[in-house]
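Worksheet for the structure shown next.
Chain IDs A, B, C and D follow the sequence of writing; residue 1 opens each chain.
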Amino acid sequence: MQIVDFKAIAANYKVIFFDAFGVLKNYEGLLPGIENTFSWLQATGKEFYILTNDASRSPQELAESYYRAGAYAIAPDRIISSGMLAREYLDLKVNHGTVAYLGTASSAHYLETTGLKTLPISQVDLSDVADINALVLLDDEGFDWNVDLNKTVNLLRRRNIPVIVANTDDTYPVSKTRIAIAIGALGEMIETIVGKQFIRFGKPDAQLFMFAYERLEHLTLRNGRGNNGPVGKRDVLMVGDTLRTDILGGNKFGLDTVLVLTGNTQPQDAEIQIRSTGIIPTYVCESVVISE
Amino acid sequence: MQIVDFKAIAANYKVIFFDAFGVLKNYEGLLPGIENTFSWLQATGKEFYILTNDASRSPQELAESYYRAGAYAIAPDRIISSGMLAREYLDLKVNHGTVAYLGTASSAHYLETTGLKTLPISQVDLSDVADINALVLLDDEGFDWNVDLNKTVNLLRRRNIPVIVANTDDTYPVSKTRIAIAIGALGEMIETIVGKQFIRFGKPDAQLFMFAYERLEHLTLRNGRGNNGPVGKRDVLMVGDTLRTDILGGNKFGLDTVLVLTGNTQPQDAEIQIRSTGIIPTYVCESVVISE
Amino acid sequence: MQIVDFKAIAANYKVIFFDAFGVLKNYEGLLPGIENTFSWLQATGKEFYILTNDASRSPQELAESYYRAGAYAIAPDRIISSGMLAREYLDLKVNHGTVAYLGTASSAHYLETTGLKTLPISQVDLSDVADINALVLLDDEGFDWNVDLNKTVNLLRRRNIPVIVANTDDTYPVSKTRIAIAIGALGEMIETIVGKQFIRFGKPDAQLFMFAYERLEHLTLRNGRGNNGPVGKRDVLMVGDTLRTDILGGNKFGLDTVLVLTGNTQPQDAEIQIRSTGIIPTYVCESVVISE
Amino acid sequence: MQIVDFKAIAANYKVIFFDAFGVLKNYEGLLPGIENTFSWLQATGKEFYILTNDASRSPQELAESYYRAGAYAIAPDRIISSGMLAREYLDLKVNHGTVAYLGTASSAHYLETTGLKTLPISQVDLSDVADINALVLLDDEGFDWNVDLNKTVNLLRRRNIPVIVANTDDTYPVSKTRIAIAIGALGEMIETIVGKQFIRFGKPDAQLFMFAYERLEHLTLRNGRGNNGPVGKRDVLMVGDTLRTDILGGNKFGLDTVLVLTGNTQPQDAEIQIRSTGIIPTYVCESVVISE
């Protein structure tokens, strides 16, 4: 396994898709020096998007968190989250009534603009559920697992409604040595219990990549960079720290991929994991941080 | 699908194995008239055992709950629970140190006699886990899921120890219309997250049947009923309300099986479920209750 | 469950996506009267595409088979097959060398235009595999399962290469009462054995829907029908006979969906299957055949 | 991970259970020097049994193959195979009619003594299946996969009968570098396709261990070795080369376990596999071969 320099590789592409956690930031905040990477992207006229399975906050809130941390370059329209796919689904497929949810009030906030009423599971009255037309699993925080997971199972025995899981991750890191259970894992447990098929949004699924990819034509025209022809999949590089989401999804969508070693995949494990999973990144880089 | 009379079938066997929940009792207590069944068993000299995936209480406590409800016939030594297998495992395979557990203090009580120290996950200090040599998942009650399931995942990242799941059920009924998530489902979620192989005790696994079956020779001799030769598998009838645990396990162990329609399997669904799962009981009966 | 008239529903959409098998044709050929449906689509200026998990033949060959059967309306550019996604993947991600395959020579024929050499597994020499850079599973026919499935497993132990499964179906019908094992099921078995992650193309995956959807803008402009604005997901209706592929995929992509009862889903089973899987079509119709 | 001497460990037990393939023999035949191990077992009065997932031949045939290879000590009654459990199942649970099978005629031979008629799938007439009351999957050899696996699927759509898989292994080695697909993997594929629950016999399932364990009391008495009290689980050591079958099954049954490095588990992978699976052998030894 050869480790190559990120800047040398990225120079050959017009657009970079970044995973967020483990690539741009970790449990301590933004990676030191990451601002150099964004400066270089801007200086060289490269487009970039952040593709995240984090549905706990709106793109606005996510962008603010980057801004506060000093990454001024990351505007809300650069962030594509699995929560946005959940919102599009509700917008297209659920016409009226109430959407029940598991997650924080903040995570549900941007669902509200779909015109549907939102209701946390904790406030659902199981004897009066006829108005509930969808359930969205947004975040592992904001509810009492003992009470509300049981309530969720019983709601799904009474109402045959679509269930959207807006984050496919099983866990997320909370410190150098600890992880936490993510809503993706809770969703899988409930899906097994009720025996129904949930709708999952998030990498490696193609829909998140498509959502970002569809924005490229628009941006290219607006920026008027004089590219020769429209941007195609060969012009896009996907960068991630996780083989089973970022790299598998990027490969399948037809993009070249970079595995970085600053997150989920430890340097000493990378080669063995690539061999044992058969998920093969186009390149392996230590980090996306560019030294000045 | 032909529905036959339980008494007429049971008359042909020397020993009856009963599942508990859905067969002898439900969320409201013992089935009305169940005492007739036990009277008939005693009058006809039939042995019986109760095979339960309930590890939340000791056989003594379970027997007391039957006694309080009026089923005087059910002594502790008639009850075989998956918790007893967990205890035997610890006894044989874990020689010293501490056993962490998820469940009520009561469920952990009878593990203590193995000579090992028991400690609820809530009291585990993640920075001091060197003494913890096993983890047992006993019951869905008695702990804070938000906090303690995350703690469990992190414990298993630090210690490569055997994990015993003492109840393989995913859910259990709490009222006519509601169910609750059982420790079996929580265990599967954690197993998937940590990627390790847990040890499960409970039907349909053969070990619970074996535990009951091994007692038969002893009892036969003690009772001195003049059976012609030792009791064999052809003399035992397994009765349960769930195809995937009671009937699959009983069939595989080589026993004739009765599906009753007083629990998990609704009368209108029985035929379709038998056909779609391929789990075929020898007989189907409405109930084990015998009218006087 | 209400059964509605296909023509009345389809009248409200600009574009119809059809599954092929079980919707337009079955093991006996095209459904009698299906030409009326295509006449009506043309008369009313509706676009249509056929989305099929059949990778055993090229769109040209598939279109010819429709033509021979009397469906003159179905040009090759109306057919989107999972094989086309496999070909795009190879085109974008595999730059040189040989692609090994399982399937008929005919199924491999249109992979060849990618510039890569194709080689049936039967001709692979396991002692000389350094040049093999991808494996594609195309069809269950055209090879000796006893010999070539074992050879495939051993190839994947020697070469860590991407494996593309170009048909996600487990089975397909071959007569009124018999089915056959499809390459999707053989692929799952091999994936489990080698423990690697294969790349699957085909419904319910979003990429097949995206492939069809991307053609809509182009066609709309060419036809110049004076639509108000571009075609959006609300203008597209997905029609299929299988809940887990056609309907789940269509729903997730954001389309309205029709379940027809001429294929996999029997009329008497539809309601129970919808309830037990939680996969809910927008409409249920008997058939897409329109009586004149 | 400490590697210890097999003889020093085995000296502490009264009974040794051996896996066959990867422990006593490999694709080239018996391990050189294995006769020393059996001499030592006899000299020290230790009982031993061979627990194998190989259902392709009867214990008699298996014993003859050991004899021909020079291991004179291994009598048929020392061999416990998953095929014996399949036979016991048929004996107890299938009273009449025909048992269809996949496998060689030789593998079916010892099923015949159950009094049931046996019929290879190749000779089944799908229009006349009313007499077929069970299906047994015995061996990957002896039939045409293309034809007979499809026939098997269609048989199971017509007859709701128990299906017994007499070998849980997915693969077996055929040379230093090649493996072959075992009937266990073919069985899983068919089980998924037909959506039914098959009955599996073989490690890690407790029933194979139980079958061997039940023989111990009998042997102890016959041999009259003056053991203090009956043999218990603490007196038995299980030796195997595969974590997920031999070691997991032995541990769960309550036995001390030895992982040897002469088969499936390579010396350089043992530690990482133990850590990643959480399946922890009591001891790790290089080989069971004892140098004189």
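Just so it is clear, a contact is a pair of C-beta atoms (placed from the backbone, for glycine too) under 8 Å apart; a residue touches a chain by one contact, two chains touch by 3 or more.
All values reported here derive from a predicted model rather than from experimental measurement.
S.K.: Counting one step for each move to a touching chain, how far apart are subunit A and subunit C?
M.R.: The fewest touching-chain steps linking subunit A to subunit C number 1.
S.K.: On a CA-centroid basis, which chain has its centre farthest from subunit D's?
M.R.: A
S.K.: Report the inter-centroid distance (CA atoms only) between subunit B and subunit C in whole Å.
M.R.: Taking the average C-alpha coordinate of subunit B and of subunit C, the gap between them is 46 Å.
S.K.: Suppose each chain is reduced to the average of its Cα coordinates; what separation in Å results between subunit B and subunit D?
M.R.: Comparing mean C-alpha positions, subunit D is 28 Å from subunit B.
S.K.: In whole angstrom, how far does the Cα centroid of subunit A sit from the Cα centroid of subunit B?
M.R.: Each chain reduced to its C-alpha mean, subunit A and subunit B end up 41 Å apart.
S.K.: Check each residue of subunit C and list the ones that touch at least two other chains.
M.R.: none
S.K.: What is the complete set of touching chain pairs?
M.R.: Final set of chain pairs in contact is A-B, A-C, B-D, C-D.
S.K.: Would you pull the subunit B residues touching subunit A in the complex into a rising list?
M.R.: That would be residues 126, 144-146, 149-150, 153-154, 157, 170-171, 177-181, 185-186, 188-189, 192-193 of subunit B.
S.K.: Provide the residue numbers of subunit D that touch subunit B in the complex, in ascending order.
M.R.: Result: residues 88-89, 92-93, 156, 160-163, 194-199, 205-207, 210, 233-234, 244, 248, 251-256, 274-280 of subunit D touch subunit B.
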